[in-house]
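Each of the next two complexes has chain A plus one more chain, namely chain B in the first and chain C in the second.
This part shows the complex of A and B:
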């Protein structure tokens, strides 16, 4: 490859992925040396964290960075795009996974760690990072697969009948999802003639110049939306969530709920707000309830219903469960509803009939979704790890058999309390700002006269009340009351409690020092909505159509 | 494999003849893969079919007992004997593939950048194409062979 090609060689873009990839290979090669493997794994996640920090500072100070793998120019080669949105998600992933890996080393038994835990963990992290960074829609599919394959193994990690059943359902469902995704991506390639996301954006914005028809892309992107909803566990694709989260080891449930789910959310933001947002169907679809001509106006109502249903199903499910993991799993479904709701609200007003105010409101909606994602990633990982620590100490997470954890394990219970309050949205914790922004989006949309904004507010309110209900129920049944025999017998692990407490401090820190977090999320939201900036950053070569 | 159902002489003879052919074809696909149909993946799969044939016709222990001249490891034990070696092949292959990508970074090019050099003049061949992509392909080949044989041997022993 000649050096005269104008390709950037800012290797820092690929650094987080390389850290995860190299660590996965090293931990695979050192399977027979337990201690060395663990040390390498921890060093690897440290390198990942440093890579993300360096990349984040570079992007926030110097703007979007791109990287052409193999030095093939866009749109032919695979582009990595590190814009503010991608690094926001990477930062979220790094923050959570560092804690999760330290927790895992102390939590998962020696045999389990030796078998495959560390390589799989880093491969999953690689898949997540690749999904955030890639600027190529087929490559996105590949990273989804890289992320999913380790998760199949993790769901069946304890190899019991319950785990096998959960893994079978989880695997089959995701394979169907992947097949649909591949079909949709193939269709988009056939229609637009490109796989590069920036190139798709440019072509959709000006279909006549490139001789393409945007209408099929709308249908194909609707299929893609189903796949992302499946990955993110949004109703009506939520049913795999509780069995899978219950079957997986606690730190992996934290990973799946905290980070992997956010990949689905990220894909929705990236593809529908950056890429497909450029598309317009002349004359609209003419279906009832679906007015407007832009792609976003079609997806808004769909996302809206899914978000409302998620909040209700998650809330109702979580209130009636008798097991900490199940409560948290159903809660995840509900919380993803809170993440998607502001996106749905601002997608419905994406139509230009709302004028200049629409742009500001869209930024606000995406900020709300991102801040809520961050809050959910940290708080829900914290809660799943609390559940793991309780299981480690008391050998059970059934609410019936738990009680008096506050007396026996005050620090652990305090961390649970902080995590719960963050999900409920009590100031000054991270969740308060998440909820505030969600309601603010709804309120401003209502003021601007957006259809359904009142319903969104009402739904969010009901969802919030459910959150309070199921978390206080878990608290009173599991943590308060008399000390049960199971709790009395156990012994808590210092490392596990330490990690959980540290994450609880992070939850407080995000809330107290919210200003930089908000600016970061604002930069990410602006990047997400700046389709032109995205195209300019990648700057794919213009290929004349025949 | 139970002794009362030995494969026929035909099957065994054909296997003896075909296995070397498969392996040579696989190598040809591997070496031309960087710019002609072929590549590490398909070469690896083809190689595994040769192994699969040996496993099916001669039984699970034949490879270790007769060809490698040692005691086959206890079956049902995952981390022992030849399965462990398959795992090593997998890990080494992955390391080679990743290393070939990182080498490009060390030389100042983007990750996974490949280069090609033509060595000439050579007797008979005239010119030889040395592509760095071959290293990556070799890595992929080892990954595919290692992974598929692990699955084959492990599932086969159950």
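This part shows the complex of A and C:
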């Protein structure tokens, strides 16, 4: 390689991935020594957390960092990009998974932990971190697979009739999704001539200079959206969510709902707001009912319908379930609707041309989605772990057989209460600001005269009412009332309740000390919308044509 | 001509895969998933272009410009990158198919049937 191709690489970018990978391998090698394995696993998640904190501080103080694998300059090699958006998602993942792993050590039986739990956990975390950090679209596919493979095994972990059936459905759906993702990526490569996300952005922004036609990229990116929606569990790709979450061990349901789902959300923000937002189809999209020339003008209405449907399907589903895990699983579908809705609103309001500064409303919409993601990650993992603790104590999570948990387990019930109020959006908890920002986005769009903003507000209101309904139903049926025999018999585990209570405190802390969280989310949203900054940071070489 | 044949084959493979996924028998569903995965791989190879020289020195690779680049000229080379992508995808597909087959066996053990209408998720 010639010396004039100077490559800037920062090694700290791979620190979280390295921590997860090394821990996964070490815990695989120490299966015979289960105490050592557990210690290594906990140390590993600690190292992951430290890695994320160091990376976050570096990125927030010094701007976007890149890591060019094997010092190949972009776009020829694989690039990892740590910008504010990526580190926000990493911080969300680290915060949640530390609690989940401590919970797991106390929750999952020794045999289960010895066989495969810890290596799989860290491989899944590796896949999640890789998806957040990669700047290469094919590499994104690989990290998705790294993340999915352990999740298949986790869904079938208890290996009973229900688990095998749920895992088959989950696996087949995701394998079809992977094949579609490959088709979309192959097509994008053939059309744009590159796999590097920054390079795709640059080429879409100036198609004439690179001799490419942006129109096919619109269709191909629509296929990709389908795959991300499947990962995020957005309607109409939500039906795998309840069986899979119910089949998986409680801490894994917390992982899947809290973190893995957010990978789908992240991919939507990164690809459609940073990368494909640069695309413009000259002369309009040529699709009925859609005006505008930007790719976002197409994805806005599509996301809008999906978000509204998610909120309704999730709400109606959760109100009618008689099992804590089912209620939370349907609730996850509804809550993802709340995350996608502000994205859809700001995508609809207008073209976001390459190089132009994003408007305040666009930034606000992405902030709303990110803050809501953080709230959902913490609160929903809290709730799934409450459900796990209840199961550990009472051997059931059927609402009919539960009752009087408040008398028997006040701390656990208090944590459930805090988690529910956070999902509902009561101040001063983290969820209040999430809801506030979502409604603020809708309100400002309405004031700006955006089409459908009124419908967005109405949908969010109905979704919020459903949230109150299903959570108060779970509370009155399961936690209040007379103590049932199942609840009377059980004994709670101090570690499990301790983890759940600690997460409840985190929910309160995020809400009370919201200012730094908001600044972090704002930096992340600005990074997400700054396509030009993203291209500059990766700095793909200009490929000359002959 | 190669393009027409490959496009037809790809269409047939995707159709066959989709048909098998919609069957009741779990083994056929896994076959269907596997065929769709392979169809995606074949599709990926064709994305590198089919008309160019082989990108190897001494075999026509002396003019290293991929045919997908505009105005690449007559003696351009086929893009070799897609082959690297496909190798990765094949390895991943191998792992997932093996897992899906083991899962099918476990499903049979738990439910005593491979008929999907008799397997309930609830």
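Note that in this section the second predicted complex is superposed on the first by the 531 of 546 C-alpha atoms of A that agree within 3 Å, B and C clash if a C-alpha of one lies under 4 Å from a C-alpha of the other, contacts with A are read in each partner's own complex, and residues count from 1 in each chain.
The rule we apply is simple: a residue touches a chain if its C-beta (ideal position, glycine included) is under 8 Å from a C-beta of that chain, and two chains touch if they have at least 3 such contacts.
Since this is a predicted model, take the numbers as computed values, not measurements.
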(message) Clash or fit: chain B against chain C, after overlaying the two structures on chain A?
(response) fit
(message) Going by the contact rule set out at the top, does A:211 touch chain B (first), chain C (second), both, or neither?
(response) second
(request) Could you say whether A:162 touches chain B, chain C, both of them, or neither, answering first, second, both or neither? (result) second
(message) With both complexes overlaid on chain A, does A:183 touch chain B (first), chain C (second), both or neither?
(response) second
(request) Please state, to the nearest 10 degrees, the angle that the Cα centres of chain B and chain C subtend at the Cα centre of chain A after superposition. (result) 40
(request) Mind telling me which of the two, chain B or chain C, contacts the most residues of chain A? (result) C
(message) I'd like to know which partner A:193 touches here: chain B for first, chain C for second, both or neither.
(response) second
(message) Can you report the least C-alpha distance between chain B and chain C in the superposed arrangement, rounded to whole Å?
(response) 7
(request) Give every residue of chain B touching chain A within the complex, in rising order. (result) 87, 90-92, 94-95, 98, 102, 104-105, 108-115
(request) State the interface residues of chain A toward chain C in the complex, per the touch definition above. (result) 138, 141-142, 145, 149, 152-153, 156, 159-162, 164-169, 171-172, 175-176, 178-180, 182-183, 186-187, 189-190, 193, 195, 211, 243, 545-546
(message) For a test of understanding, state which residues of chain A touch chain B in their complex under the given definition.
(response) 1, 3, 7, 9, 11, 14, 18, 21-22, 25, 28-29, 31, 67-71
(request) Show which residues of chain C lie in contact with chain A when the two form their complex. (result) 21, 26, 29-30, 33, 36-37, 39-41, 43-44, 47-48, 65-66, 68-73, 81-82, 85, 88-89, 92, 95-96, 99-100, 103-104, 106-107, 110-111, 119-122
